[in-house]
Every structure is written in structure tokens, then in C-alpha cells.
Amino acid sequence: MIIIMKPNASDEAIQRVAKLIQSKGLQVHLSKGDEVTIVGVVGDKSKLRGSNIEISDGVDKIVQVTESYKLVNKKFHPEDSVIPVKNTVIGPDTLTVMAGPCAIESHDQLLSCAEAVKKAGATILRGGAFKPRTSPYSFQGLEEEGLQYMEEAGRITGLATICEVTSLRALSMAVKYVDMLQIGARNMQNFELLKEVGRSGLPVMLKRGLAATVDEWLNAAEYIISEGNPNIVLCERGIRTYETATRNTLDLSAVPVIRAKSHLPIIVDPSHATGVRAYVEPLSKAAVAAGADGLMIEVHPCPSCALSDGPQSLTFEQFHQLMTDLKPYAALEGRRIDL
Amino acid sequence: MIIIMKPNASDEAIQRVAKLIQSKGLQVHLSKGDEVTIVGVVGDKSKLRGSNIEISDGVDKIVQVTESYKLVNKKFHPEDSVIPVKNTVIGPDTLTVMAGPCAIESHDQLLSCAEAVKKAGATILRGGAFKPRTSPYSFQGLEEEGLQYMEEAGRITGLATICEVTSLRALSMAVKYVDMLQIGARNMQNFELLKEVGRSGLPVMLKRGLAATVDEWLNAAEYIISEGNPNIVLCERGIRTYETATRNTLDLSAVPVIRAKSHLPIIVDPSHATGVRAYVEPLSKAAVAAGADGLMIEVHPCPSCALSDGPQSLTFEQFHQLMTDLKPYAALEGRRIDL
Amino acid sequence: MIIIMKPNASDEAIQRVAKLIQSKGLQVHLSKGDEVTIVGVVGDKSKLRGSNIEISDGVDKIVQVTESYKLVNKKFHPEDSVIPVKNTVIGPDTLTVMAGPCAIESHDQLLSCAEAVKKAGATILRGGAFKPRTSPYSFQGLEEEGLQYMEEAGRITGLATICEVTSLRALSMAVKYVDMLQIGARNMQNFELLKEVGRSGLPVMLKRGLAATVDEWLNAAEYIISEGNPNIVLCERGIRTYETATRNTLDLSAVPVIRAKSHLPIIVDPSHATGVRAYVEPLSKAAVAAGADGLMIEVHPCPSCALSDGPQSLTFEQFHQLMTDLKPYAALEGRRIDL
Amino acid sequence: MIIIMKPNASDEAIQRVAKLIQSKGLQVHLSKGDEVTIVGVVGDKSKLRGSNIEISDGVDKIVQVTESYKLVNKKFHPEDSVIPVKNTVIGPDTLTVMAGPCAIESHDQLLSCAEAVKKAGATILRGGAFKPRTSPYSFQGLEEEGLQYMEEAGRITGLATICEVTSLRALSMAVKYVDMLQIGARNMQNFELLKEVGRSGLPVMLKRGLAATVDEWLNAAEYIISEGNPNIVLCERGIRTYETATRNTLDLSAVPVIRAKSHLPIIVDPSHATGVRAYVEPLSKAAVAAGADGLMIEVHPCPSCALSDGPQSLTFEQFHQLMTDLKPYAALEGRRIDL
């Protein structure tokens, strides 16, 4: 931690800050410049909690030198993690494709999706049983009934399954039926939920919040891992910007950024990011080329009949074509696309 | 709802869209322009759910004509709401000041705050017992112990009390001790929690999400009101932008926008929005002048000792001065500042 | 300037950085922490130009300690500037109201506006002769003819006049007719134009760029002042965010931020910021309460006939009412509203 | 154009709007819904300029149905354009790599760059002679001397050359020496400059503004093409968002969006977008996979000696490796990487 003093800070003010730090058992390095004095702090800065140095007399600002997340930080865990999910893995040697409908609508809809995406090469089935919707008057999901269909679809096809949980109640149901949990963008900082999935024993995919920085996202993952669950996968799904040509702005630079800062795998969701079916294929290829460990793709037997997010869903045929198109890109990146 | 066809949409495509709409019991108005045809839809558009017209052949885009929120919409409830809280009210004739510490740290800290803010003219005591923190290693709040201090402070001073609830567990505790609930920015779209505070019977202050549009914010309020709770107050607390000179960007234009679109009162929180103590006073005055129904201000007996957000907290003396400065602005707006 | 080394930076790497800095005639302060080493740099950092220390082996990042703008920086010029314009001034004791049409459309339109705003208490007449328009097919302004009307309106009413210049060509014409120049948001970083207005001898109002940080804005002002022109006024006119309820998001916290960082006056333009006439009055009052040195308001004899930005223009009567409403707010801030 | 009336608009108000439109020679289609009435307008809407219907009594809002850009619009020119530059072309069958230093610093620096990038397979040499810099105290470029080196480098190596022009003065010099002009992000809406490059006769690369929407960007291109110059290439270079992990946020979804809306080629600049050398390679591959027609890459003989943007520049060796890595991606997209 570095404390930058104001240009006109008095010697007394500087000494007062230095003594405050030393009183907490930390060391101080003073650096007097032509314009300003800088106070370097050495030691465990958590001891300074509550000292609020930034409003001491003469202090201009504080600069944090080290990240607040530790267990998900690549600095302290340089090898890339490999996350096991049922009989597959997510990590640097695989390109994991999670596919399925935005919302589970019926037994037949989900089962037909499961068979189609399995056949095309996906290894994980997605499907929403609890839908967080902007308006209370929109379709909210089949809940436990949907989870039962997921369990059945996973059993019949051998696919692993993933479902978003939006509350502790949803979580307590989901753990009985699915292989992997998803925390959606709106709940990225629902810390109670993060802690509870951290205790669930299941692998978790953590979507980036709508306006979350990479730093906040990794701190949210730290909430999960600090409860004892290291099986975390991150998912970039677009951030909110001023641009309206796409629903969100897919931040593909987050892929190399995450790979530089963390050992956790990263998945990209071009369906939700763009909201437009025609952009899913070019951005899926781009995500793979950028180094993503996988993709989450919406597929629907009849997109024009979907209760949720039809405009961005692929038909079975389009998804099959996408998987075919992706194979040479996965190969260039040294990744296996199915197991 | 209006459907805009592509310039090259065939007559068959236009007829197919028209028939789809009519088959759901709605009426169609066709408007053929030089370049494009427009299809107006008349009737209850919820009947079109799942028809996904936007991906029908020949359709360019859909324009929504009416808002999805109804009960909080000023169009259907033109008089401004007045929200009772304990022995005070929030509404167009009052300027409600909620003040207190960011986090409740101890019995003495909270009680001394309560007395100081009461004396200066605040009518509601704020204080966090459950703190949503970016890092799992930061102070997380005193929880039920803190709520007990709130109850005591309210009893002794006569102030109404408000506390943020971050989960169903926190909510079930808070309803026993405080007069008003707060939903924080991170939980603005925690829909389960919104529904539950909608059933709590207590008035609710709903903070705007970090990157929420006004439309999403009013839809979140609709979740609460649609559960039977009309006692909702909105709170603007800064949005996330590219600018880093302040912690968030206080969007004061949201005050007249909300007053034009909804009958719910709106409070402004300049402390969290800016994160800088020196900006609290000018922006408090500005909020009142813009038409806000109240302010939420952080106060601490010793900001430099605060466990959370000290840099933006006012001392008792500064808060007293602020209240004095605000009085003529409240008077210009025709608002009583205390009851 | 502070250089933060990577956790695993070798002693050789640290010494190499230190020697590089010393070789340029600067001093080094090393601060070895438990995790990382920090290198403080003392002296004129412009000597390090081109040394690109941030990509030296072992370097994690660079933190700038001092601002790059100097002449507009309050640290080196603590008294607020007072900017003379014709027979009026802009500064801490006045509330300057600039008013007039978005675009000059005709002799009669401008002259009638000038008389109306003069009568209501404005001291500066605004009016666009060169209009920067998103589409090449929109009305682009009357150019020199418009400037001649400005000169006449100023002569007849005694008002000072301000006009936006969008190019060197426009500038060379405008200096012959008006009392103050305006640089619009789109040209905030048109550095050639900034330098030239810096040499023009006329006072300049510099609008904030659509997505400019406060730091970039003050650096743009530094371009003007470093050419010898200290008569600069800043103008906040809304920034681009994800919110669409208003055209831009008026950043009123920029008012206290600018007043803390610079000695230059700051004006607020609520008309362009919101794009909605009904929001101009509440946000004008808010700007004054936040500490603004003035306002820029669009007025039109017949807003529904305006060639540009009619929806945000006030009628003469509305403007007269606004000026009346503003007076007590100006008085509370200790500012004279006309001279 | 569609006019949406307010729910309480009277029949008189609706008739008044309808008559206003008809009085300009346009046709009206009324569509009365349960809540609101919609007025469709058929005909040349430029005739409505200045009628400001949006502030007529009873009008809620206006929805534009057609884009304001015409000549760059794919709807009216469905085949992708191929832009000739010296002896190469930019278009759907090629992957054009523009490479070179951020700023031209010396004869030797530029010539060695030119030879290195030519050898590695680039076809266009980039290099800045006029540098738009945030601070007036930063290096501003070699100007005409730099252009002379560009001309020489192009002659010796056979490479085409591109240089940013920041003013009419720079433009008048550049046309004498280089093969292609660049408009930088800060000048995307410098309309005078756009018009002048539109008359220059040289091909132009138009970078996206820092906070420009796709729509504004295409309108800026319309300024160039409407002056008679169809040889325009767009360049995505990152947009401004709240995220600070990269300098800007590279919006790769703009690639398929532009390809859907315009016939102009699109180039991606990952160097400026991220500001970090390590992210250039993954995002270059991603850009190609997303469908980009080319890349602009910064290369420097000694990045740690660069006067501008060293941290994002590749060494000759790194650039050679990048070009080798890109070849299979270009092949998958059916593009030739050099001619």
C-alpha cells in the first residue's frame, strides 16, 4: 500500500501518518519528492482496517499495490486449474461447449435439445429452471419440475447438466438434480448465495456482473473459493456500455486478462452478450481464438416458439453447423472439443 | 407494440406476421411506407408471449410503445405517493433526511450518532448491520447485534430506523427490529428478495443498481408493489461510468425523470455516490434543488476510525452544518425538513 | 511517479530499473514489502520520456503521483479565476446565464431572442452559426451570415456574444464578430483548434467531451492556456453512459470536482445534457446549488419551429420564469445574477 | 417515422399532428390502440425538418424507422466493397495487416520497421507523423519530416503507407507523401476534416470514436462518401467503458455488426484497444475469427525505447511470430494474408 501526501502536507502530518502505521505493527518507507512525499507501507495491511488513513490530514490518496483476491490469483497458483464436471473436465486442454435452451419449457423441449446438442458434440446441457426477469409479469421458469427434466436428460444422454440458481431456495433444490451450478450476472454480488454455493460441493460457473470489473469478478470468485470450493469456472457474457447495436458489449479482452490474472477457466456466452442469432457464430469462433476454455450457446427446437430469448437461440441444424465450424479453431488452439 | 418490417420483406412475410398476431386475438394496423412497412399491434400484448415475432421472416425490429411497469407508473396513478414510516412521512411536502453510520460498529457509536443526527434535524436513522463487501476479507457487519442497537436507538430518540437487508435471512431478522427496509444497489435485481420485502409489510427503500436503467429500476419496484406493498421509496446513489474522479457518477437527472414517470418518492445518497466528504454538501443542496424528496447521509462520530467508508462520512459538526445549510433550499422547494 | 515491481521480480531486475532512472538524473527510493518492491522516483519525470519503464523486466505497473496539467491546476493557482467577457465577468461572485437559440436561423429569430433573454436577465447571448451534426444531411448552420446577426444583436442589446467554432476556418471568421468562443464536445481534443483559440485573444468556453474524464478535460484546457490564453471557462454538458432516459447523463458532481482541482470557472448546460425541456428547470437550480458559475440555456421564439434541438428549448416566457426561479438560489450562493 | 401519442392525448391533438404531417406533403396512418394511438408517417421525412413534432401537444415520442446513412448502408449496396490501396486491396478476400510504429521517431527507426514488417508479410506500413496527445507537454510528432520518411520507406519496400491526419494542415501535407489517410478516434466527428478527406482522392481509414455508437460511426463515414470518396475502411479500436483492466474495451461484436449494416471493410486495432502487448496476439486471432478484413498492429525495433505507446508495441520477432500464427486463421476464413 502506498500513501501519496498532498503537495502542501506538513512534516507533522507526514509524521502523524507514519506513526499511525507503525502503531499497527507495520513498517514505513518515506520517499520525499520535489512536489510530494510518498509513504510506502510494508506488512499485513489488514491490520490497518478501520484506520481510514485516506482522510488523515495531508493525505491525497491511497494506492493499493496488491490484489485483494488471493486464492483465485494466478500469482499464488500459477498452473491453470482443471475443473471436473461429472465425466468431463473444463480447462486448458479442452473446449467445453455448454448448450441448451434459455428456459426449460417442457419435458419434450428439453429432451429433444439434449439429444441434439449431445449429437453435435456438446458435453454439458444448459437450461434455466429459475429465470431472473426484469419484469414480474414475464415467464419465471418451471422450477423443480424443470430440474427433474434436467436430471432425466442428463441420465439418458450422459451429458453433464448446469442450471442457474437465483436464491438459496433454488440452490437447495438444484443440488439434488444437476451436476454444476450457475450464478447469473444479476447475482454476481449476492454474497450470501456465493458463500452457499461455496459450501455446496458442486462445481460453479460464475457469470460476470452486468457492470462488474475484472477485479470485482475475481473477488466474487474469492467468496466461493474461500468457503472451500475450488471448482469455479468464470463466464464472460457481455458488459453494459452505451452501445445499443448489441444487447450487451461482449468483452473478449476479458479472456486474456482473466488468463493472465487467475488460474480459473473462462467460458464465453455469445448468445446473451449479443442477443442476436447471426452474431453467435463469428463471436464463438473469436472467443475460441482469444483463448476461451469453452462456450455457452443457446439452442432451441423452435426459436420462434421460445418463451425466453428466442431471437438469440440457434436451431438444432444451426448448432450442428456451428460445432462443425468450431472444430478447426479448437484444433489450432490445441483443444479437444468433445471427450 | 410496433413491428418494423425489413425494406425487402415480401407481402407473404407481412401477411404471415399479421396473421400470427390476429391468431392470438389481437388487432393489426398495417402502414406501408416508401421504404418499409410497419405493423401496429392493438390489444393485450402479453398474449404474444412466446411468439417471438422478432425472428419471423422479414421482421427488422420491434418497438415497445408502453412501459412494462404498471402499478408504479405515474400514467395510471398521477398523484405523488406519501409513504408513512413510523411517525414521519416521505413525500412531496417533506425533505426527509436519513443519517447515520455506514456500518453499525458498536452500541456507543450508533447511539451517539442517533442523538447527534436527531438533534440536527434528521428523522430517520440509517446504519448497516449486513454489509455487502466486494472482498470476503472485509468487515461484514454486526448482524443481529447491530439490529438490536438500532431498535434501542430508535426507541430512545424517537427516530425511525432503516437497515439494508442482503438476504432472506437478514430480512427475517430485520423485520423484528427496524421501521424501514433498504434494498442495496447490488440486490436491485435479486428478485426473490424483492418479492419477500414485498410481503414484509414494512416500507422499503430501493436503491438503483450500479448500472440499472430507470426502466429496470421501476420494474424492480414493480416486483415489490405487485406483492402488495405500495410503500416504496426509490434512492439514486450513483451509476457506474468511465469517470473515476468520483466513486460513481451521481445521476441527478434521475430525480426529475423519476418524478415524471412514477408517483414514488425519490431520495438521493450523495455519500455513496461520490465517496468524498467534500462533495457531499454541494451535491446535497443540488439534490434538493433538483426536486428530491430526501437525502441519505453518512455520519460518524470519528470518520477516521470508521470500519467502512470513513472517507465519505461527515462528523457530527459537519452534519449539523449541512442541515443548517439545507434549510433555505428546502424552504424554496416548499418542503418541511423535520416534523 | 511510483513503479510497482512484480512479486517475483529479481534483485537484478529491480537494480536495472533503479539504474535506468538514475541514469536520467533522477533519484530512486526503494521500498521492499513482504510481497512486492516499490520504486519511488524523485525529480522531473519528463526526463524519463521514452524510457518505457513499464515494460522493463519485472515491472508490474506505474502509478502517476502528480497531474500532467499545471497552469490550470488549483494546486499552483489557489484563487478562483475571474474571466472578463465584454462588459461582464464569469467567476465566483456571479451567476452568468448564457441563453439563446441552438442554431441561428434568421435575423429576426436571433434578434428577438436577444431582446427576450436580455430582458429576463441573461448577460451573454448564445447561438450556433456552425453546427456539428451527426448526419451530413442535417442543417449545418448559417456560418458568416449568422455571425453578422450575432454582432448586430450584441451591439443593439449590449449583451456579450458566444459562438461555437468547429474549425480553423470558422475560428478565423468568428473572431471578427463575437466576444467569446466555444469549443464543443466533439472538438474537445481537436488539439490544433485548441492551440489556435489559445492564440486568438478571446475568452473561450471549453465543453467537456462526450466521454472525457475530468483529467482529459483539464489537459485540453492546458492546451489553450499554454498558448498564452488564461481566459478559459469550462462547461459540463452531460457524458455518455448506458442510460437512455436522458440524451446524456448530466454529471453535476463535476462541478465540485472541477472547483477542487482547478481555478477555472465552470458553467452547466442542462439543455443539451438532458434533451428534454421539462428537465431544464430542476437541473438549472441543481447546478446553481452545486456551485456552478453559470448556466447555458437554449431559448427559441417558437421551439416547435426550431431547425435544431427544439425539444429542449424554452419559450421566452419559460425562460423568464426560469430566471425568476433561479434568483433566490443564486442569492443563497452569494452570486449576482446580472450586472 | 412513427409518432407515439401519450395515453391521454386528445382527438384534437392527434388530428393536429396528422394535419401538420399532411401539410408537408406526407401521408399519415393512424393506429388506435387500447392505451395509445400511433401515427405512422409515409414519405420523405426530410420535409418534416424543423417541424419538431416531438414537442407538439400530446406527443410522447418519435421512433425512427430508417437509418440516416444511405451511401454506406448495406441495404442499398449489398456487395462488400473492395478498397484499392497502392498495389494491394482491402476487402472480403484478403486479410490486410497494417504494421509499424505508433510514432515515427527517426529515419532509421521507420526504415528498419518497414523492412521487418514487409518481410513478415504486412502490406501496409503505419506510422504517426502527427500525434494527438492528451497533454500538450507530450511528444507531438515529426510532422513533414516524418512523412518524408514514410514516402521513402514505401518506395524502398513497395509497401503502401498510411498516416493519421489531425487537421487540414496535416492533410495538405500528407496527401503529398502517403497512400492512405487515417482519421483517428478523437477526430471521428471533426466534420470539416471528414469532408476534406472526402475530397482528397485518397483511401481513408476511419477509426471509431472513443464513445461513438455504430450508428454515429457510419454517419461519419457518410460525411466522407457524400463528398465523392467511396474508398473508406472502418477501424474498431476499443471503446470507453468503466473497465480499467485494458485501456479501452475492444468491441469485437462491432465486426459482425458492421458487416451486417455496411458494405465497407473493417479493420481491428488490438494494440491501441488493450494497451498491453501480451493481449495483442490472442485478440488479433479473435478479430480474424470474428470476420475482420484486417489488423493494425504496432511494431517497434525497441519497444522500451519508444517515444509513444511502447508498452503495447511488438518487437520484430514478436510480430513475425504473430504473422506466422495468424496464417492458419486467415486460411480458415478464406482470406489471403499477403499479395
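Residue numbering begins at 1 within each chain, and the chains themselves are lettered A, B, C and D in the order written.
In this text, contacts are C-beta pairs under 8 Å (C-beta built on N, C-alpha and C of every residue); 3 or more make two chains touch, one makes a residue touch a chain.
Note that the structure is a prediction, hence the values are computed from the model and not measured.
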Requested in this report: Could you tell me which pair, A-B or A-C, is linked by more C-beta pairs in contact?
Outcome: A-B
Query raised in the report: Hey, which chain ends up farthest from subunit A, C-alpha centres compared?
Result: C
Report summary line: So, in whole Å, the Cα centroid of subunit A is separated from that of subunit D by 31
Requested in this report: For subunit A and subunit C, let me know how many angstrom lie between their CA-based centres, rounded off.
Outcome: 39
Query raised in the report: At what distance in angstrom does the C-alpha mean of subunit B lie from that of subunit A?
Result: 26
Report summary line: subunit B residues touching 2+ other chains are 211, 240-242, 244
Query raised in the report: With chains as vertices joined when they touch, what's the shape: line, ring, star, complete or other?
Result: complete
Report summary line: So, in the complex, the side of subunit C touching subunit B is made of residues 211, 213-215, 239, 241-246, 249-257, 260-261, 273-274, 278-279, 282-283, 285-291, 328-329, 332
Report task. Going by the contact rule at the top, pick out the subunit D residues touching subunit B in the complex. Result -> 2, 4, 7-8, 29-36, 38, 40-44, 63, 65-66, 75, 211, 240-242, 244
Query raised in the report: What does subunit D use to touch subunit C in their complex?
Result: 46, 49-56, 68-69, 132-139, 166-170, 186-187, 189-193, 195, 209-211, 216, 219, 222-223, 226, 240, 277, 303-307, 310-311
